[in-house]
């Protein structure tokens, strides 16, 4: 069914990276394993956002809200009910996708900046609810010490679990972006008006795109809970959403793998600059301005453009 | 096949289309002409649903389509090109057409099949028929203006339309390109059995190609007839010489 | 929860006035944002940071002058200009080079500016809470409709409409104001008239930021000034501008009133969820009228 899409030669480097990541845990210090796991979770989140931003052309400004919904769903199921673990893990992404669907229905009626603004306000409504509903969500304290069986939450097994889920998600996302749906989504990004005129139901496509993207955001939220064992309202705060947005741009939003690079840069910056100074956002701000002025296509976008054959449609050329 | 009856559209106080009538019979080439601002583009936008008429009927194959959204009108069998090159600039030429073919085949929402194996033959056939095969892998945004206009028509062909609407297909082209494009349109009409409705500035082109001509002036249609009759018509001459009203 | 308690008319009137005076601050800040949005078509994410700078510099100026009546007035007048200067530097040094670029880049730039300004404030003023007092004339309360109402809030109720009138006169009666409005509607035409569009943009940006600074200076005596106050206000201003209609000054007024009053009545009826009330109002309004209540300028 998928023949011809994964060429063995081209996917070798990626398999190499995967194998390297698999054998890392016993070799490098625990702290770095943790940071890598954080990068994986964040990368999945950024990748999910980029499906609708870089490939769909939507101003999805409040993606963090869906990440938060996924995380809170699993956290609440594990702390407030006696349902088994896997129910929470499955419910998280679906709850996020449902939130994406509900908010998306209203948002896709609008375009561009209005879309983004409506999403920010509806997303902030979710944030305000989580922030204030002390009896359910613990308010601004969040929920801590979420029980997880050790076979999955010990650091190394969490690392492996997250890595494997990430790889599966990336493969699925890649297939989706290569599919007729993905191609059509990019056509809508380029020219929604023309798409209407060739018989494409633009709003429905955008809505499906949002549901898929928020589903993956929900998976990322679940992985976050697995890794950290806690949730807090900041996950749904608009500032974090904009940070995810920046990861996409930083890495290169017209490429497939760009957001992973963006997430890795952001997480490392926050961690390692944070060790030396309290002013890591200052560094981030300056970096962002440099990016805007000198690398508007993003880091990975720049690399693809320099060394790839045809940068215009980078996702068509890359292989996984 | 297509019948437009007493259609009206105004923007605030400006009456862009003010009582236009038009009929297009199957298998014909129909042209709409008129001075700048006569409402030709607005009329086309009304037919293909980009704008909704205030009043009037648009009947296509026996169905009133005046309230349909653009994508539904397209699925009924009307495809169009735009006056400015309206393409997908970041996609390759091949993909530009493939998107349209996929849409026509109802495969746009397929999620788990690689697009590269779908709708390939049809896309390649269209590429060949408009002469863009050798540029299939180029990014559409990097094409020359003339090629972008051709691609524009090719995208519309991807929908396998019964009726193809072309809004000034030769705008901004050199005389040679204009001739080539008109040749292409004639050839397509014959080989694919297309019905074509177009508007055009170049009168020589219009009178040599069209089988029926509709003349618009200040938002309403003056006449629709065979080229010879239009040429002789007094009202048309007045409109073009600025004598009317 | 305090439901079940009877709500007296006095409490009602009091919350109404509190909401109203809060709306005045919101209006001053969001009208500045709306103005920038109208002319430059960029939601200025750094707007809240400028508001925060306004509050902090009002604190510094007032403290420097000994905190008296004199200090308050000088702080109130000077700090908006401090903010305007900061924004002018940012605009001329960096922002103005981006006007030809993709729109998203402008938005991102303002986000970067927000990150930078936020940390610069932390560097300059530290992370502690700061506060200073309004002058004696405005301290204490006076009885209004059976409840006691802070005098300073009454002062805000006067200033808000004054700013609205001033802004209206400015955009409708002065030449530069008219040019800015014209640029909002049709920038090509303004450019064709031989006016330097870049400077019109600079002017609009600085004026918008000036209003943010004014809002910050005005709110300063009523709150504890601290890092993080930028995040809250920017969200609120953003939503107010959206429900009002992008770039519409009266829309900003209407939106501010809705935001301020729903919060106040939320406090009265369901204190635990008071913060959610304005968001619900915004959600309802946007679902009902996705492009805002009043006509947006673009």
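In this document, chain identifiers A, B and C correspond to the written order of the chains, with residue numbering beginning at 1 in each.
Definition applied: a residue touches a chain if its C-beta (ideal position, glycine included) is under 8 Å from a C-beta of that chain, and two chains touch if they have at least 3 such contacts.
Because the structure is a prediction, the values reported are computed rather than measured.
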What is the shortest path, in steps, from chain B to chain C when you may only step between chains that touch?
2
Centre-to-centre on C-alpha atoms, which chain is most distant from chain B?
C
Using the touch rule from the top, work out which pair, A-C or A-B, shares more C-beta pairs.
A-B
Whole-Å gap between the CA centroids of chain B and chain C:
49
Whole-Å distance, C-alpha centre of chain A to that of chain C, is 32
Quick one: report the Å distance separating chain A from chain B, using the average Cα coordinate of each chain.
41
Chain A residues touching chain B - in the complex, by the definition given at the top:
1-2, 4-5, 175-176, 178-184, 186-187, 189-191, 193-202, 204-205, 208, 254, 310, 312-313, 316
Of all residues in chain B, those that touch chain A in their complex
48-50, 69-72, 74-75, 79-80, 82, 86-92, 95-96, 98-100, 102-104, 107-119, 137, 139, 141-142, 155-156, 158-159
Complex contacts: residues of chain C adjacent to chain A:
41, 43, 45, 94, 97-98, 101-105, 108-109, 111-116, 118-120, 122-123, 231, 235, 238-239, 242-243, 246, 272-276, 279-280, 282-283, 286-287, 290-291
As the complex stands, chain A meets chain C at residues 59, 106, 109-110, 113-114, 117-118, 120-122, 124-125, 128-129, 131-134, 237-239, 242, 246, 249, 278-279, 281-282, 284-286, 288-289, 292-293, 296
